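In the two complexes that follow, chain A is the common piece, with chain B as its partner first and chain C second.
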Partner chain A sequence: MRSYILRRFLHLIPILLGISLLSFFVIQLAPGNFLTLMKADPQVSKQKIAEMERKFGLDRPWPVQYGLWLKNIVLHFDFGYSFANKRPVGALIRERLANTLLLSLTAMVLAWGLALPLGIISAVRQYSWIDKLSSFFAFLGLSIPSVFFALLMILFAAKTGWFPIGGMESLDYDSLGFWGKVGDRLHHLALPALVLGTGPMAGHMRQMRGNLLDVLRMDYVTTARSKGLSESKVILRHAVRNAINPLITIFGYSLASLLSGAFLVEVVMAWPGLGRLTVDALFARDLYLVMGGVVMAATILIISNLIADIMLALADPRITYS
Partner chain B sequence: MTSIITGAVAPMELPAELEAAEQIARPPQSPWGIFWREFKKSPVALAGGAILAVFYLGALFAPFLAPYGMESQSRELSWAPPTRIHFIDAEGRLHGRPFVYGHRMVSLAAKRYAEDQSVVFPIRFLPRGEPYRLLGVRLDRHVFGVDQPGRIFLFGADLYGRDTFSRILYGSRISLTVGILGIAISFTFGLLLGGIAGFFGGVTDTIMMRLTEVLMSIPGLYLILALRSVFPDDMPSDRMYMAIVGILSLIVWASLSRIIRGMVLSIRQNEFVTAARALGMNRLRIIVRHILPNTLSFTIVAATISVPGYILGEVALSFLGVGIQEPQASWGLMLSQAQNVSVLQRFSWVLAPGYFIFITVLAFNFLGDGLRDALDPRKVR
Partner chain C sequence: MESINRRLAWFGAWALILSFVVAGCGRGGSKGSEARRTDDFPRPEEPGAFEGTGRYGGRIVYAEISDPKTFNGMIENEQSSREVLTPMVEGLTNLHPITQEVAPSLAKSWETTDGRTWIFHLRKGVRWSDGVPFTADDVMFSFEVLYDEEIHPSMADLLTVGGQKFDVKKIDEHTVQVTTPTPYAPFESFIGGVRLMPRHKLEEAYRNGTFESAYGVNTPPADLVYTGPFRLKEYRPGEKTVLERNPYYWRYDSEGQRLPYLDELIFVTVPDHNTRILQFESGDIDMIDDIPADGYELISNGAAKGDYTIYDLGPGLNTEFMWFNLRTDKNPQGQYYVPLYKQKWFNNANFRRALSYGIDGKSIINTILYGRGVEHWGTTATVANKKWHSPNVVKYPFDLDKAAKMLEAEGFIDRNGDGVREDPAGNRLELLVQTNSENNRRGQIGNLVQEDWTKIGVKTTFSAIAFNDLVRRNKETFDYECQLLGLGGGGLDPASGMNVWKSAGTTHYWWPEQKRPATAWEARVDSLMDAQIQELDYAKRKGLYDQVQYIISDMCPLLQCPVRTVSVAARNRIGNMKPVILEHRFFWNVDELYIKSPEEMAAK
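The block that comes next holds the complex of A and B.
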């Protein structure tokens, strides 16, 4: 197991190199030279440009630039400088990544917190009104485009005034006490997390329902019933435990898909996350910021997939990795 | 009595009631017969298919069905609300033909309009309007419309006073075809390259799989946007359309060819492949004629459920302002007007294309679900 994990980690290195090389190449293909763009910007000091040229070889061919970019990351953990934001890329990404993770994790908690109980109830009460209703909403939830859903929620917030329209904190955020800050943050989180979490919630719910229905037909469930256990014990102790196993792997992958899904929600609902940062950077042709954003997003995706695989290996003794 | 090949019953040899029993016991067994029999069982899948048929016909006949052209503006009616259709006029008289009233500006600044009840515009069937070309024929009849200067906006108007309903119809020509064209491209490449990688293995396989791994490790929209930045911002609409289809196909291609490769790896172990090889068949021909057809039921379902991905990709790009450009219409581009909260709040009909996107995605999911059930080979029949 340990050697499997180690091997998977080593495997990350060529993939990340491939991703960064591909994105560097693609961005170089884009029309418009950002060096001239930057030199034309009076707000970027000559000194800074000279420093960047020395450090990143901005006037050299792109393979050299890529090599220098990589060297700076490996040796100094320096991701370069964002010309549009006038700040180092590393700090910017750290800050925005935290916001994206906050949004994704909240959506995840929401999705799983609702999906599991609803899935269990739908399976236990198959074909009851609650099953039919949740199946119906699951289909809607799986199909609603996040852009459209986000716009509907903004409209809802604007019409009722119950929720803030976009953004992450109120204007008076800094003057609030600790609990005020938590409350304000949650208030802003509610709608984006709902938009982001609905699709996964619907998916997990259907999955839970299907798994549990399969398990309920098993002989050991009949055995448990016939030895006189209460129905709640049969379901929670015997059936759900087995039905939940396949969902453990989805747990890891769901984080990965939430991170990609967060992109559009962030842009539409003005949540200052990594997706928004990368879009703005792309429009501004802010090379190092785009690179940092793409590579960071890919890293998280790969790591969550890795976690999913490891969790699967831990959860299911039948799977061996040698 | 029964022909092994066709399953048909020779009528002369059986009494009528026995013949009927025989037919019930032996329904048609051709693959398409089985498929259709199973598919019919799912009303939602049929409904999904029917909705899509209506939408795609709507896209095909857009210029005829739309009362106005895609770019036809009436600036004095900026953000006019959906026009109400009446049967009974202000004096309480019943009209045989439904009609609309004229528009009267209430507030220019707030873009508020009221009905001008002094003028009545009956809704005409097949009136002459803006000329257009449909399937190569020059026509000027539209399915419905009102006389000038009346205007009928079923779903309201946008900033330039363009009819949202007409633009949704024209926009569907882009938004709905992106997916069809996209799967045609990505499935051709995905099947072929996945098949080759799985069949030949070795270096080809390794290179392909590493490449797809890299492509799949970048979260979808980040990759789409990075690739989009390669193209200039101000491309003509038709080339932009092709660029979008190409980018989206590249992304779907990666995951698809990995799955196909896996399937080919197991199919090539079959004896019929060995037999074909022993007969000296060309290897590409073995892949195309013997191996890939075995992935068909998967491919059909996967194609159906991947269409929404393309539609949403186009929506995302156009919504972000880097996809289809004005004055063209596409559902994502039309929806991007709703990014302005005050517009969204006052003129909520800007969301109309959103409902169409939603219904389309829902219909494809319904259809895909029905196809999956109908094509499932493990299902007991």
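The block that comes next holds the complex of A and C.
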């Protein structure tokens, strides 16, 4: 198992190289660069723009730029400089990463924490009112566009006053005690996590329900029941354990997709995260910040898939890695 | 079955509760505190005076669209940074936004004898926000940085004439002399744009070549030193910037109280404008800038309940216009940028005039701007520009019949009855108008213009493309026919438009960077712009610029669309609130703002 994990980590290198090269290339395809906006400003002289191009290395051919970028990462662990923010990319990403992870992980807890039990109940009590109600909300959650839902929640917060209207912490956060701070964070996390987690929750719930229904029809379930096992043991220890197999695989992608979907929620609900940073950088053609964001997202995706694979091996004794 | 239910129910409930724990929801409100106060910080010898009065305490919360990118007043070049810096940095002078005249700031007075040599008398006794005295050495240092070739702030280009920098000399600890190579009319307007930087904090970074990364957003607040009414207290990336009172500030009110009144000024980052509006309505933020046309009714209906006032500031300074590609030359591959037959249309002034009559300004105002706009013709000097706007321009009120007749007179006639005119050579009158897709309003204007022009036989295709693509076409490849864009910000002074109106200018939209003026009228505008920049007498200078406005409106290289009017809203409990159309709308007098006491609120 250990060598397997090591090999997976080594796979990171060619994958990241490929992703970064492709991203770099695609960004170059779009017309213009970081300075295009400035060219349209009558108060910025031509020399100034030429100087900036030289300073940022934007006048060199793109393979050269890519090579320099790679060299800086490998030799100095320096992810480059953000033109728009006038700071090193590493520092920017580090600051926002924690915020985005907090939101995404909370959304995942919410999504999975509700999806699994509801999915199981729906399958076990198929066609009961619980099943029908959960299905209804699942379809609603799957269909509603996240931007619309986010705006709706912001409106809800404004009208009722029960939740803050966006933001990560209140202005007086620093003067609160420890539990005050925890409470404040949760208070601010509630709606964004709800918006972010609803879509995945709905999908996973339906998935769980479907898988479990299939498994419950299997012969060994009937055998287990006739052996005299309690119903809860039959369902949870045997049926669910098998039904959950595909969901563990999905789990790996779940975190990564939450990170990218977070952008819309971050903008509407004023959450200072990585998604917003990366998309702003994209629109501003802030080359190295976009690359940093892409590499970070790719790394998280690969690592979460590795975790999912390991969990799978732990859950399913039939699977072994060597 | 039951134990499953219980377990699952417990599991689900735990997940639900975890996500919905509601802690004490404190919402920060601003409470005022004690009225009068004196302090132990040294009073400057020559303080500035504020004729009014106010009350100490409290804070104001303002929402920005994005984070500040730097706290370095010399190199910042975008709005979010500028908003946060305005309460902190100062120059020798500043522009009083209500009178639109130059007013003293860190220079208490200045004079010139020959129009080229200017003597500035610095305010005595001013200190930086860390207590160190402000002297002429700081001014010398700031100008040294300004004119540094490597750093090259944009401001430097506005203080350079014919490639020559201004000569800056220290006369004594409180006197500085600036000499321009030739009389430079916008000198007084532009000199205040040089932000004064503390030599004792930044000289080392400058000598080391790290000036541009100095005073970035991660600067420890105690190190961020300026002379303005507020200084940095805290910065949280992506979330907020908190400013606190500068206890050394040099202005006093009519009762001898040192300004500013507010304890704190907080800038929160809220990118989405719907969220900003809701936050304003619920009291999280205290003012809202540039109320969008479609939100106006909602906000004005809530004024009583939300205890705020709407200020209608009138027409703004942003213009929106269309123009044709007037190039008649060939590209490096030897082909015409604009096909020869189309050049004949675009370069025909009556063609442009006719199509300008085809822009339905009133409908744009009523349907697209929700009634919040005024018609405008001429240059970028809208009616909001009190000193320079000229009403004597050629106007093109919407008249499709007139447009049609003018086209007929130029030989554009629909000879074959297919609804599209042909030019005298038989080419169909077809053109492509482009604007940037990110701007919804421009998309609507483009659609309206396309319909109207098509009605009079000019087959118009309208498309919205990415902004960068648009700029690349009008600045690098020049493969476009007609674009719709806008110009905003910039300054009031005609000199800030040199690059637009001069034929050699880089943003001379219809044909930038000409080696020689392509037309007689462009040559005339060139000489007028050259003359006005040296004309120190205001009346004469205005006369010159009035002529430029007339010629631009007459020859119609830009087909103007209406100018939007701007409305803002601010909480009633903020005293001395006088929003203006110029920047900074709310904070131009941030040192005078205060939170009214409950008694004062009840007395209204």
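By our rule, the second predicted complex is superposed on the first by the 253 of 322 C-alpha atoms of A that agree within 3 Å, B and C clash if a C-alpha of one lies under 4 Å from a C-alpha of the other, contacts with A are read in each partner's own complex, and residues count from 1 in each chain.
Convention: a contact is a pair of C-beta atoms (placed from the backbone, for glycine too) under 8 Å apart; a residue touches a chain by one contact, two chains touch by 3 or more.
As the structure is a prediction and not an experimental result, all values here were calculated from the model.
> Check whether A:164 is in contact with chain B, with chain C, with both or with neither, and answer first, second, both or neither.
second
> So, A:238: does it touch chain B (first), chain C (second), both, or neither?
After superposition on chain A, A:238 lies in contact with neither partner.
> Look at A:230 in the shared chain and tell me whether it touches chain B only, chain C only, both, or neither; answer first, second, both or neither.
Touch partner of A:230: chain C, not chain B.
> Please tell me which partner, chain B or chain C, touches more residues of chain A.
C
> Touching A:84 in the superposition: chain B (first), chain C (second), both, neither?
Touch status of A:84: second partner only.
> Between chain B and chain C, whom does A:206 touch in the aligned arrangement: first, second, both, or neither?
So A:206 meets neither chain B nor chain C here.
> Considering only touches as defined above, state whether A:29 meets chain B (first), chain C (second), both or neither.
Only chain B; A:29 stays clear of chain C.
> Name the residues of chain A shared by its contacts with chain B and its contacts with chain C.
On chain A, the overlap between the chain B and chain C contacts is residues 30-31, 151, 154-155, 158, 165-166, 267-268, 285.
> Please name which positions on chain C make contact with chain A in the complex.
Interface residues on the chain C side: 1, 3-5, 7-9, 11-12, 14-16, 18-28, 61, 66-67, 69-70, 75, 77-78, 152, 154, 157-158, 212-213, 216-218, 236-240, 266, 268-272, 274-275, 278-279, 281-282, 284, 466-469, 471-472, 475, 485, 487, 490, 496-500, 505-507.
> Can you list the residues on chain A that touch chain B in the complex?
Per the stated touch rule, the residues are 14-15, 18-19, 22-23, 26-27, 29-31, 139-140, 142-145, 147-148, 151-152, 154-155, 158-159, 165-166, 256, 259-260, 263-264, 267-268, 275, 278-279, 282, 285, 290, 293-294, 297-298, 301-302.
> So in the complex, which bits of chain A are touching chain C?
So the residues of chain A in touch with chain C come to 30-32, 36-48, 51, 84-87, 91-92, 95-96, 99, 106, 109-110, 113-114, 116-118, 120-121, 124, 151, 154-155, 157-158, 161-172, 176, 179-180, 182-184, 186-187, 189-190, 193-194, 230-232, 235-236, 267-270, 272-273, 276-277, 280, 285.
> Using the touch definition up top, name the residues of chain B that touch chain A in the complex.
210-211, 213-215, 217-223, 225-227, 229-230, 232, 308, 312, 315-316, 319-320, 332, 335, 338-339, 341, 344-345, 348, 351, 354-355, 357-358, 361-362, 365-366
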